[in-house]
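Written out below as structure tokens is the structure these notes cover.
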């Protein structure tokens, strides 16, 4: 049964149309999940394959995007005059996100990732007068293409290595015996390129520079939705194609995860710029999400959806505030609680969620990850490492909280005129969502069980 | 008579009430009232004690259970009182001497402000309460409660004048040294609990068969450690002389008559255990004797009137332990009683002198007080005779009984003991002569001020003198009077069990006569010598030299402790504080943070900004992954 | 020909491309090296598709035979798109800093 | 050695040689030209494998359009050999070494594989013909085909967005 | 009441939580202060009611729990047993005491301050009531976060650093515990309702091999050891106590450190009995080293707060050692002492706070002669200090006696060495009393006034508790009998 991808058509421009479209798709997804019947069927020749897992994820992604638009819609104008183009590009990316969430063949994976990447290169460089933005775009582009090359080589080997001679990931029939050499090479190369996309160490080097250089509004999108989408692709690929061989590549994932956790968390500690710090923290969070790949069981998948929601919400919220800041350094947050108590409160909740403090969605997400990893039963040291790194993460997240609450600042730290009441309430809603998800994660997970 | 036993709980509770009233109402009570409450409650206890004593004499020795104190798992400790010969005797001593001292204090402390006066009596009452608890407890835990309680009161009373930091230091020293002993006591109690499952005296003594020799020796030694703390024996005796910082009646009550004898009480109470542990007995005897001699030598060269008395107390306590060590429990307890009488008398007399001298305590500034203070002088002289062991005063009988028992066990010890007795006679009469004889060496102002003390002071003196004189007659040795030892008869049930197992050294009466004559005559000689020598004492500025200086400085024991124990501990704690804690443990904890920071700085450098470097690192990463995948 | 020669050729080309990326500083040349890598993959894919075609003759797998080549087609499509965007970015960079030297890109670091 | 084999080795040598020239040429223009040579060699391989369509596309789109674009950009920027200062020798060496190692490691991991001796049939087969490819493309591959339109659309928008000179830029400067 | 389905543990958790949230809304300092005090009294009332209804299993939540997280088998399971009742009681008593004793302090953003305090109370109640492991972890953290903010916002000069260290330290520990919790969870026996469960009963029955128990033990124990704190995990404590605002310090030292001990008894002993037997000596030795070490350090402290902090470490060391003797007597002693120590140390802090508020000084060397000016304060202090060094007839004596007794039967030498701390405790406590309260007054203390009636009242209540429990400890000992037996069932 082929479930249609009613949602992969793109919508062009005006903001309201975009938001309306998003809502429509969101509703369609929800109905489809609830009833199990698609609204609109397109024969996709099994190249895309939707199930409750990736549909739920798409819902999460769409919901987050909606929130993202609502929070940041006005800030697009600051980047440049081509607002409608930016919207278009973001919708293209969303299209790519949907593809990578539902792909069933390596070709669609490749196309989906490219559809995500190419607009991203552009968005990164969209602040044309800003040298940092230029530099980030070029770096991103060069390294992204390089990783594309690696991915293609990997795909080629996969193609050559499976006896069925197919690109369909569920038809490869790799069995569970020792894997053929060609498959082995392909697997490593695919893992490398996917690690690059999710910015796992040691293939993460583009992340800080690009996140830092790109206009903040777009960094927000990149760091949240795009990132978790790549994760979905990663997990989906390795689950469908290599799930039976898990024991043979688990060590690799463990190594990558460990490296990611260590490098991400360690480097974030010393950052002065909050934006850059968040870039590193996103690497660190990626390390945690990699635990899902490492474990690759039902718990992991549930957790990944939860993580996607928790992480995206918090990141979008944080960046939305960051956009309004005058100074991106940690000291720039000094005294925020005095000037904007509500914003400070929401930022605190976002940070607590990222740290993984109970009663926030971030805790539930991390909890699921740890649960999954322990359930998996191998490489227990990784779990310990993960929690130690989580403790380190508290160190840098709390620096912002300290700056906001315990330090004084006489100057205004935000562009006051920019902060509308609706913005505040939206942020508050985001924060409340995080807490609600922290108390009732079932709100998300239930969707997986329809 | 059972009616009386129902009142037993009142004995400690009355002073406690006094404490509460005086303590809580100290701002509102007049001096007279608080003095009345303080003395009255003790008097009440005394009356009941006498009734109880009479009841006990008739053979009523019950254990009275009030309520469960600690009741957890196998550990069952009741709040029980035991009334028997030993405790009723101590009750009498405590309440009796205590009452006299309360009365004495009403006058002695009269210059204090009303609230301090009330506070003083509150403390004093609290002390009596604790002491009563100590002797009445039917198990080691209740005893320990009293045991620590008296330590606390001693601390509070020594530091009564808390403006003076020397006094505070002395108080602290007393408390800490006591605590060292208390630890031994506690450990012994735990040992008992561990082996016999109970702390009741009766239970422990009944279950003594469960204990091995090691157990008994260990327990008794630990208990003895406790006793050395409380009763100021080597090595924990140094607090007692310092404790003279407190008001003189306190010294009389706590540091002479009652608290310091707690150790003797405890060992006497546990006599069965000790009788079964010969090793411990030997230790007790040797420690006691050494203390007696050491303290006596120090007392020879002290010039502070109270210090002399203090060392003399230590010395006398040493004799008591010597007695306990050779199994002469009755003798030791007898000596406790007589000592309580004459030492209280001496202290109170000294207090009277100090009172007259407006606080002056240095004997070199006294002299010739005989003509100013008739009653004090006379009572003091009798007290000195009693302590020096002159017949027929109380001290003679009790000391003689101990020495006789020692001789029976080991003549060498006896010899040393007699030497100690000679020294006692010497320093006591040095004290007497320097204070009362010769001519006055103080300032004119003091001389002008000299007077006999008021009635509240002299009456207790006289009562105590009476007791010092006749107190010994309840225990006249067999050799002098057949059946004269009522005291031993009375206590016999308490020591029956241990008497049954100890080997009796019987001595002929002639030997006993000989011993008495030798010791008394030697003491007499030294007494006279001291009298002659110091009645014409003149103040000199000459520094003591040689052994004299060592004695004057108390064998430098305090300094020794300072270097051997206090300093190293101080050093250790300083080292821990400054090095181990800051640089070691906290340093490590912070070091982890620093390491993370350092690591962060280093890892950060990987992010060089160069695309080429990034790609190179990526390729290296790929290589590593391949190698892991292929070869691992 | 045995497939291993094609594999060797493709991997060699690919690695030359990688080495080029690593050794050169000119962004355009780096980009060209990446194109070289893609072409190496193309060769490999075509070779594999021929290999599968051979083995598919005996089995009934009609759909798989042209998969590899179509994939190559899509790679070319994507490469074209990438080139357009990539060159645009390089040109933009050049306009701003008048250089295409990647070592020049070091404002963002640490 | 049959003629196909000779041809194979010739084309291979040509491809590799020119590829090496691409990365070693000092002048960017030369690099572009050498790359075109490489593409021709690769197209030769395609033809040998009877993938005519790809061979043609490769030459037209790659060697023709794309590389010309490259050349155009290179010329536009007026880059020449001197404009590129040499990289740090160490880094260069490390890069070469890394590339070489990658090659060796991948080959080494394939060493023991048995399937590498499968044959590739040269000069026959019809799956590479335009007719067959077209059929497959518009039947089975219609979705990716459609999606690539999105890709192109975004690339177009992007190129325009990035490439356009901003008015503000002029005003600003 | 039964019909309403209201259970005491629920009330104890939710009431402070709601009261705290309500407090945030108030703007007025006086109002929020009064509200906090009022609500803490209500909580106390609830607690008292729960003591009175101890025999009713339904009201104490023993019979029923709400499902919370369906897929992971987490239930909102809270109940009160003897130990829980004891410690919730302590918490309920402590908060009014704290609020009254610091009633004169004024805070910036008072409503937030009191709100956070009440949240912390709710978290603490939750820790003591939770019978579901994950719920327990939730509350464990929930108690920490408000305290972090309280300390960082209203603390002393170096508050941020000190608190941060404290936070990271405990957070690390609790994360390790989380790993352990999940691991045990995955080894619980499947039941008809769910595959695995976080419930306490399921944890007790978890199938764990000796090796697993051994390392899981440390994952849990480190978390608890940091909280208690046991040597050598203690270094956060003096700094934090020194820097935290008085009210928070009281919460921290009076109640929060008990969380660690409580958790050991509730979650460590019954879940990993084999490991406990395996490592008991190690823990005891660590604890005893800590006792001596902390006592020695306390001797050298010049800051009152640090002194009390180190003395607290020594006391906690004894408690943790006593727990691991695995004897009923010792365990009862720990129970008793948890309560007593809470009361005593809060009393200590109140006095230090009173001193500091009047003089602005905590340095022992700069104070002196307070007794002349503030005799009531001094008396209270002396009583509490004496209780702190476990003088007989004070509450601490009972607990310490039982614990030492248990330790002695465990090992003579360890008990002897531990006993040295009794002596050292006397040394540093009396030193402090002497230097601060005795001697001649110094200029800073010359103007001190004696304490006000409400402070007097509070201290008198504490002193009364000290003596009543010291003389008649039976009610409290009986209260925890069942819990102790339950904790030790797997060792008999």
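Some notes on this structure:
Going in written order, the chains are labelled A, B, C, D and E, and every chain counts its residues from 1.
The working rule: contacts are C-beta pairs under 8 Å (C-beta built on N, C-alpha and C of every residue); 3 or more make two chains touch, one makes a residue touch a chain.
Computed from a predicted model, the values in this text were never measured in an experiment.
Common neighbours of chain C and chain D, by the contact definition above: A, B.
Taking the mean of all protein C-alpha atoms as the reference point, the chain centroid lying nearest to it belongs to E. Distances between chain centres, each the mean of the C-alpha atoms, put D farthest from chain B. Interface comparison, A-E versus A-C: the higher count of C-beta contacts falls to A-C. For the pair chain A and chain B, the distance between mean C-alpha positions equals 77 Å. Centre-to-centre, using mean CA coordinates, chain A is 31 Å away from chain D. The mean-CA centres of chain B and chain D are about 101 angstrom from one another, to the nearest whole unit.
Distance from the chain B centre to the chain C centre is 96 Å, each centre being the mean of its Cα atoms. Across the assembly, chain D contributes 87, 91, 94-95, 98-99, 102, 106, 109-110, 115-116, 140-141, 144, 148, 151, 154-155, 158, 162 as residues in contact with two or more other chains.
Of all residues in chain B, those touching 2 or more other chains are 593, 604, 607, 609, 611-612, 615-616, 619-620, 622, 626, 629-630, listed in ascending order. Residues of chain A in contact with at least two other chains: 107, 111, 114, 118, 121-122, 125, 128-129, 137-139, 142, 146, 150, 184-185, 208-209, 395. The set of touching chain pairs reads A-B, A-C, A-D, A-E, B-C, B-D, B-E, C-D, using the touch definition from the header. Taken together, the chain A residues at the contact with chain E in this complex read 302, 352, 356-359, 367, 370-371, 374-375, 383-384, 387-388, 390-391, 394-395, 398, 402, 405-406, 440-442, 445.
Of all the residues in chain D, the ones that touch chain A in their complex are 106, 109-113, 115-116, 139-144, 147-148, 150-151, 153-155, 157-158, 161-162, 166, 168-169, 172.
Only residues 604-605, 607-612, 615-616, 619 of chain B touch chain C when the two sit together in their complex.
Here chain D touches chain C in the complex through residues 4-5, 8, 12, 15-16, 19-20, 22-23, 28, 31-32, 35, 38-39, 42, 45-46, 49-51, 53-54, 57-58, 61-62, 65-66, 69-70, 73-74, 76-77, 79, 83-85, 87, 91-92, 94-96, 98-100, 102-103, 106-107, 110, 115-122, 125, 127-128, 132-133, 136-137, 140-141, 144, 148, 151-152, 154-156, 158-159, 162-163, 165, going by the rule given at the top. By the touch criterion stated above, chain B contacts chain A in their complex at residues 593, 596-597, 599-601, 603-604, 606-607, 609, 611, 614-615, 617-618, 620-622, 624-626, 628-630, 632.
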